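Have a look at this one.
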Amino acid sequence: MSTELATTRMFFREAVRRAVEEEMARDPRIFVLGQDVGSFGGSYREFDGLFAIFGPERMRDTPVAEAATIGIAAGAAAAGFRPLAVITYMDFLMLGFDALINYAAKLRYKTAGALTAPMVVKTTAGAQGQGVAHSQCIEAWLMSVPGLKVVAPSTPADAYGLMKSALRSDGPVVYIDHKRLFPTPGNVPVEPAIVPFGQAAIRREGTDVSVVCHGYMVRVALEAADLLAGEGLSCEVIDLRSLAPMDVETLAASVERTGRLFTLEEGQVTCGVGVEVATRIFARIGNRPWSRLGALPAPVSSNPVLEAACIPDPARSAAAIRALVRP
Amino acid sequence: MSTELATTRMFFREAVRRAVEEEMARDPRIFVLGQDVGSFGGSYREFDGLFAIFGPERMRDTPVAEAATIGIAAGAAAAGFRPLAVITYMDFLMLGFDALINYAAKLRYKTAGALTAPMVVKTTAGAQGQGVAHSQCIEAWLMSVPGLKVVAPSTPADAYGLMKSALRSDGPVVYIDHKRLFPTPGNVPVEPAIVPFGQAAIRREGTDVSVVCHGYMVRVALEAADLLAGEGLSCEVIDLRSLAPMDVETLAASVERTGRLFTLEEGQVTCGVGVEVATRIFARIGNRPWSRLGALPAPVSSNPVLEAACIPDPARSAAAIRALVRP
Amino acid sequence: MTDDPIGRLRAMLLIRAFEDGLSARKAHGFQLLSSGEEAVAVALASALTADDQLLTGGRSIGPALARGVNPGMLMAELLGKTAGMNRGRAGRGHFAAPEQGFFGSHAVVGGNISVAAGVALARKMAGEPGIVAILFGDGASAAGALYETLNIAALWELPILFVCNNNQLSVSTPREASNAARRICDVGAVFGMPARSVDGLDMVAAAAAAREAAEHVRSGRGPAFLEMSSIRLRSHSTTARETRSRDELASLRLRCPIEREIARLQGEGLLGEMEIAGLREEALERARAAMVFADASPYPDPAEVLADVD
Amino acid sequence: MTDDPIGRLRAMLLIRAFEDGLSARKAHGFQLLSSGEEAVAVALASALTADDQLLTGGRSIGPALARGVNPGMLMAELLGKTAGMNRGRAGRGHFAAPEQGFFGSHAVVGGNISVAAGVALARKMAGEPGIVAILFGDGASAAGALYETLNIAALWELPILFVCNNNQLSVSTPREASNAARRICDVGAVFGMPARSVDGLDMVAAAAAAREAAEHVRSGRGPAFLEMSSIRLRSHSTTARETRSRDELASLRLRCPIEREIARLQGEGLLGEMEIAGLREEALERARAAMVFADASPYPDPAEVLADVD
């Protein structure tokens, strides 16, 4: 989109790394803590080389203790630092929910602003053969917590820009990468630049239906859009990027243009992201035809057949969009 | 409603107690574990006297260790018992999410039926002056977990009947009381009777709008309906009782009759119960005018002024219904 | 802060008078009071300096007063008034006055322990002076959060003092049913930190132990663990059922740490009857003044409900 | 189960051959293998009877085979085939064969520990014979779940044996950075249970220690804690980066518990070259047979995706 900015090509994981490196260089209050974030460089190599630059004080390996890790991050944040706590999989974020949700998200409110928790929890969502307890997408839960911000990039540029914003944010942020994105390449601005929270991105323009999604599902949506383009059905694909706050304006304007909404997510649709997206859009512009697709109501097995059957793919997404547009 | 059954009057907490007592007498595999459930009789006296009957083996006081408590319950369930794990406040259920969500809810699925976890987690939701970390309503999160059942009674009769069903269920159930309900009285069948999961109850018949809610909000809805009746506006009030599975049929039939839907919940509306209720109803009968009310997007303070301002009350509910019916 | 015997007695008397005054105000929900545990709070506070931070669980009024938090603002906070240090929105179990060295209470049992370690980590990384003390109960000693945090604090040599106020009860559950360890502090020893158990009804011994433990932490040698045994003279909260017999309570009351310290000071000739009466009156007066201050303050405006969310 | 030295060697050789065979099958995602840890698994299994149940973390293939789980079904399960004990839906880190005494693996680090205590509680309440063993790693030893469960197991005198397979690593994190305790088993001692650390590369010593600990639990005297130190000869998973140098790995390989046990048996004259070759071949053959069995089984039908949810 940003045709004027000079860009450079890098992998998603490199974009994360660059954002963290730049922000750490800029702000000495930032440090990283989590399992294998030190000399190992992170589970997805997303911190490769940062240990050599910033040392063990600022790239802190933690034991397997998610609850204390997030609690310590919250305390350090309240005391003036800006920790980036890394939780390998979102499923294990549950182990740290108490500190994140019962403490950090409520700290500013309960102290009437005396204390805040400027921390980022970086974690991963989604399925990649890792089985029932390593594949969940629970971002919808987090969206509902007052005081929490939630972002989920789908491109290297956004991983870069959203991570930078997250590390500058004054309250707790959950920053979510999808496991399948780390090895994907993309163009990232050469000059430092942030992506502000609360701005969705139109990834593909279209006229028949607005497809709203986030994270890895943006790629699925784009493939579905390709499939449907061959049938003369034109999809506008919108990447939420920021789930809380949500850019209802961009979404609503798109649906107003296309006249239909399709929401696509990898997690459960029940009380999910899509239903909230639809509700907020229609609250603004009135109802339009809408359907939603997400995981089937089952755990996500590591079994390749069952995993593939459970979560949305381009073909099933295209079929659902087709059924919406040409009922 | 059930005019034929002989009933007896009791408090909500007594109805819980009776269900647990009857089921424990019937099934020796049932036992209770949690903080202060033994000689103390439970935080809300909802186990009063059961310690004297069943002794410390079956009414087990646990240390303050919610994670292990739910994990132990899950293991005992998988090994053939039917534990009732008691977590004083739903906020602390987060501490046991790992065992409940990553293990118990997925156990049957992942083992292809070799193991199941017939356990009940009994907890409480809602605000009653206890502050930001003791007042949350997170039942919507639980509804989205495949493999979990979620119920929330609003009357002594349902507390009795749903608890009995829960203790007979073959998978993990989260049974949620609202703190304000324990001291409320109501009629309960004299003869043992269960309330099956998946059946909503029409609490008040009406013609202008269907008000769908659960737990303590049923009482708020009924008061709002009273207020509006004086203005000639007729509300049908429906108590979900069972959130997962959900009785979409009863809900949809009501909305078809009244032509409008109002969803009321004490928790956050974002990705909440109401939006899912609306979506499932409209998926069946097509769109109808709908609005939702829940807590304001803020933590719930123990401050009496702020708590009251944050969560729905009869007056604000009535105002929102009025705005929906007479825009 | 209250390093002299009379100052420490003053602090204990203030806590008792403040909590007694508060408990008479049934209107504003329930409170978690600390009668019988005053010496623990005051001993700990006497080992802390202005650079230090104290964090606690939900039973936090006594420790906050011992730390020197303004009684009027605290009373206002507990009664939900805007003159409270958190405008009355934190209230019982959540108030924080970091500029007064009280980083905050947190009513989730065990929930503040890792937060405190984070505050300690910030100290260490910033190279700032001062240590962090975290006060929790025997009930909290069963929580995984304690273990995870002890381990990391030891690994990272954080300047944090773990203090267990072992008042022998978690609501109705006796300490023996909460923790299978012979001494609760033993788990600290596993991680190589100095770990001691002391009689928290004995003001002098408790203060000495607190000073010793704080010195260790202050010297940069990593965390320490201090267990102080005490008694809970009231029911769990002002609205909770009492589970102990009248007889048991009566005999507990004979062990009151305040009366014990008064008797000691009298026995050593450091205090006379008149002075004692004077100190008691002074405490009552300060508690009354706090109440007057709180009563004069308004409740927040309902519109504040959406302030300070993000 | 494998109480004789040759039986134990057989079991170790089977694990090695099975995992080597599996690791050649890159197609089906990654696996967590246990080369270097075979003696730990076999020693533990040798102390268990048919009435007992074993639970593990994610590194579970070796322990399951040692426990006597059918190799063909296990291979099928790990490759996602319907002939697996869980129709190929559990796979690595989640499979369960309770009727074979393997109650299940669970890939959330620390997550199976309290579950195991629940299984032990069920045993105790039902008055059934048999004990429960839970195997976890040095990484898991930092998790609060361990502490909470140890405490409750001690309080309730549950028939559970806590076994830490201390292979010195949690992914890339060395044991010293995971747990500040001198010995990981020391936290068991805090709660009054017998706690021992043994060389898990020494088949004989490890089996004796496991038998002793299991006897304690079996006799109804409550839980016990056994730490067995071992080495991880492979990278964390079949797709994870190796963090150690070639030299370090080469010297670790010299400590292989299987070769050590073979040398011992040879030295004691219990085994000759021919028999050794025969045992090696037998293990390879069993592993090959398991693979043939697995390969013959189909993947599940996609329609199974919604089966067995509630």
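As written, the chains take the letters A, B, C and D, and residue 1 is the first residue of each chain.
Note that a residue touches a chain if its C-beta (ideal position, glycine included) is under 8 Å from a C-beta of that chain, and two chains touch if they have at least 3 such contacts.
Note that this is a predicted model, so its numbers are computed, not measured.
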Item checked: Chains touching both chain B and chain C -> A, D
Note to self: What's the farthest chain from chain C if centres are computed as the mean of the Cα atoms?
What the structure shows: D
Note to self: Need the CA-centroid distance for the pair chain B / chain D, whole Å please.
What the structure shows: 41
Next item on the list: Measure off the straight-line distance from the CA centroid of chain C to the CA centroid of chain D, and report it in whole Å.
Entry: 45
Item checked: Where chain A and chain B are represented by their mean Cα positions, the distance between them in whole Å -> 31
Next item on the list: Pull out every residue in chain C that's touching 2 or more other chains.
Entry: 89-90, 94, 106, 108, 111, 142-145, 148, 151-152, 155, 177, 179, 309
Check: Which chain A residues touch at least two other chains?
Finding: 63, 65, 67-68, 91-92, 98, 102-103, 109-110, 131-133, 146-147, 297-299, 301
Margin query: Quick check of your reading of the touch definition: is the inter-chain graph here a line, ring, star, complete or other?
Written below: complete
Next item on the list: Sort out for me which residues of chain A touch chain B in the complex.
Entry: 67, 91-92, 94-95, 97-98, 101-103, 105-106, 109-110, 131-133, 138, 140-141, 143-147, 244, 267-268, 270-273, 275-276, 278-279, 287, 292, 297-299, 301
Item checked: Residue ranges of chain C touching chain D (in the complex, touch as defined) -> 142-148, 151-152, 154-155, 177, 179-182, 186-187, 189-192
Checklist line | Interfacial residue positions of chain C with respect to chain B in the complex | finding: 28-30, 80, 88-94, 106-111, 139-140, 142-144, 170-173, 177-179, 241, 243, 299-306, 309
Next item on the list: Can you check the complex and tell me which residues of chain B touch chain D?
Entry: 31, 57, 60, 62-63, 65, 67-68, 70-81, 83, 98-99, 102-103, 108-115, 146-147, 149, 170-171
Check: Within the complex, which stretch of chain B touches chain C?
Finding: 35-36, 38-40, 43, 61, 63-65, 67-68, 91-92, 129-134, 296-299, 301-306, 308-310
